[in-house]
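Each chain gets a letter, A, B and C, in the order it is written, and its residues are counted from 1.
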Amino acid sequence: MATPANNPHLPFGDQRSAPWYGKDILSVRQFNREDLEYVFAVAHEMRTMVERVGTFDLLKGKILANLFYEPSTRTSSSFVSAMERLGGSVIQINEVRYSSVAKGESLPDTVRTLECYADVIVIRHPEVGSAATAAQYAHKPVINAGDGIGEHPTQALLDLFTVKQELGRIDGLTVTMLGDLKFGRTVHSLARLLSLFKVRLNYVAPEALRMPSGLIGELSAQGLDQSESTRLEDVLPQTDVLYVTRVQKERFESEAAYEAVRGSYVITPDLLKKAKEEMIVMHPLPRVGEIAMEVDQDPRAAYFRQMEYGLYTRMALLAMVLGKA
Amino acid sequence: MATPANNPHLPFGDQRSAPWYGKDILSVRQFNREDLEYVFAVAHEMRTMVERVGTFDLLKGKILANLFYEPSTRTSSSFVSAMERLGGSVIQINEVRYSSVAKGESLPDTVRTLECYADVIVIRHPEVGSAATAAQYAHKPVINAGDGIGEHPTQALLDLFTVKQELGRIDGLTVTMLGDLKFGRTVHSLARLLSLFKVRLNYVAPEALRMPSGLIGELSAQGLDQSESTRLEDVLPQTDVLYVTRVQKERFESEAAYEAVRGSYVITPDLLKKAKEEMIVMHPLPRVGEIAMEVDQDPRAAYFRQMEYGLYTRMALLAMVLGKA
Amino acid sequence: MATPANNPHLPFGDQRSAPWYGKDILSVRQFNREDLEYVFAVAHEMRTMVERVGTFDLLKGKILANLFYEPSTRTSSSFVSAMERLGGSVIQINEVRYSSVAKGESLPDTVRTLECYADVIVIRHPEVGSAATAAQYAHKPVINAGDGIGEHPTQALLDLFTVKQELGRIDGLTVTMLGDLKFGRTVHSLARLLSLFKVRLNYVAPEALRMPSGLIGELSAQGLDQSESTRLEDVLPQTDVLYVTRVQKERFESEAAYEAVRGSYVITPDLLKKAKEEMIVMHPLPRVGEIAMEVDQDPRAAYFRQMEYGLYTRMALLAMVLGKA
């Protein structure tokens, strides 16, 4: 982690007093409700600026090291665009498998090398805890862009920002999560963030992919109103936010078991007739059949706008940890 | 396709009235003679500016998504340079095989994601029609950088711009195309563009790689003066533009069949003694033996300058579709 | 090589009279002592500027083609950062194996293409002499970023700059090189540069990996004070600069032979108790066990600062060959 005190290379003019200056973004657990409101306010400013001028020079002269140990075009491109829309530059490191790492270099050494070249490090890594390890050794701020089945905090933040921007509020909403709720780190992180608000959470999943009972217990202890179901129809009419995730064939014991449940988790225009007029359908993407393409025309389909909110959210986080928000 | 009307994110200050604003560049068939003159005028301005100041901020703040589903260092680097010389930024996506696409994402979804991050999309894809599909779903302009055996319109445009810049005119010229005229999308597109001018076209190819008769018929119907031959010597003395292409071994039934014709299609200093003093030799590159390296010193060797004209042409197209030309 | 005379595309405003303008950086043999002082002076200025403002627009509008035929995250990222901290842009070419080269294109053709797009070319290539070949054909300056077992001049320059910055002088120092001195191009190049100063050089290596006698003879003829040893303990107390390199298992005849010497070449806090209080430990990185991680806390551990000096050195070289230093 970088703080003004331990960062030997603090460029002149940075706002050392900014609340998120030099901080790492590692987990959704770092954020309380007030923090979230702050992120949303900055992200909303970013949206306004992008719509008005496209790009502006808030981070001119700053360099992002975008370190991807596993491929993720979407997340990687989103951070590149966020940095470029803020006038900054990027060092892209995709080919980690061919690099020093392949020669046996440790993550701490890689990170300490990159921070000589960059002002902020975004890291995607297949192992849980890797972003925290990187942050422990780096003097520059580190942003976790997904550490295996661990966390992907910027995804959860952009998901919540999407809800806020699309529906104008979070308190009082009914959110239904659909699909693979057992392995989906996305829904776990989002559920944790939602527990800071007064919402009702419905979990709809096949038996083998139910929300982990440990997490349900944790959120219940915080007073979150939750319910489980295997049929989307039961809860769809009351749903304000339908959060769809991929149900991967590999999670099932047999092809037959997969095919048996598959159809129940595909969103179609027909199904959406049972939904409210003012609600949104979200998906972290990529989708592979969970939402029919015909749904794309429906104004309630928010998943492509969600990508755009992701851009604004990541712009906000970069500006915050670099002391410019 | 993006038009001012359907583009919800039109940044302030763009010239909505510019004739190519928001248009896609998918095929040479989009261009009439007047359009070509316009492209050449803008490309010539780009040349002047690059020679005078190297780089300038015409597209400052604009972002190009450079989406390459198959590798092409030359074309990809050319677009990156074009964008950077105009002061813009690039999101490079090379590793498509490792990305969301590998997880099964459709081209429309990939394109709709990228347009959240970028202002213009350049796409190279192995399948015919893929650029048109991308353009159909994108709200931002799409430029086709090669779709399999389909089209590669920016190559044809830069080829023609090279002729114009090198010889000062196009009308009245004799253009000889040499090599693989059957599978070469480059020569097909160029021939189509040339048919808008008063030129004479000679095709010199081995029997197995002759210009498709369908295309010859199409161009003939437009009044283009064409002739076929298997011997370059027959037409070289009258040639103003010799357009050389690669003859790939794999196109032949046997190694012997390949070796039999190979030598007839190699350009040497000796051969060029039979050519005019004022003519040019072109090649889309990469070459693999079709032109001897000794020819490089000959002032008539235009193939490296052709790369440079490619830069100016792509700068022109980017500026045009972004409403800045 | 590019000179003002043969460069047809000299942008307005470049300082043609700058001493390194348009030159290639291919070998440490190009540098005499005065040249080194000049590089260090410029690199020191770069350090001052980076610490004060982070990034500045000395090379705004200039484009670097970063051409890596083999992966090297560290060196590649260092050049990208150097160019971006100077306000320039980068065309990154990593995937050479998938590119035109895979289609059989020659290095000269690749280089002549890239120089149409860029203002300076950095090349990393597995074959000795490849950077010189590139420079022979290019009209723009070429910087060698490692050509197989040949040279890696920017590494040697940054190593020497590290010594100068850390210890304030080079004359009068005792430098001990440790590890694989037979195959390490890094130590060979550094030894050549050190021979321009009044230093004492100790070589500590296992029998099979001794400094080549040819090189020792060459440097001896220049009056350099050298000595060989197999035990670090013998020379450590007098050492001002301990330059550690990797001892690779593959260099040994057997696993046993490797394990027998391995321990003697690992730097630990305990071992450093025998070293001076004011000395530095260097390593070109990546390390794989040659220096214990506990050493990182020791103020004498200079290897991460060395990466940073690398950034300043490469910024200096880029500015020099582009006529801006």
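As a working rule, a contact is a pair of C-beta atoms (placed from the backbone, for glycine too) under 8 Å apart; a residue touches a chain by one contact, two chains touch by 3 or more.
These numbers were taken from a predicted model, which means no experiment stands behind them.
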Chain copies touching (chain A, chain B) - same or different residues, decided at half shared: different
Chain B onto chain C, rotation angle from CA fit, given as a multiple of 5 degrees: 120
Approximate Å spacing (C-alpha centroids) for the pair chain A, chain B: 40
For chain B, residues contacting two or more additional chains: 92, 94
Touch list for chain B against partner chain C, complex: 50-56, 71-74, 77-78, 80-81, 84-85, 92, 94, 285-288, 293, 304, 307-308, 310-311
Touching residues on chain A, where the partner in the complex is chain C: 9, 11-13, 60-63, 65, 89, 91-96, 98-106, 108-110, 112-114, 116-119
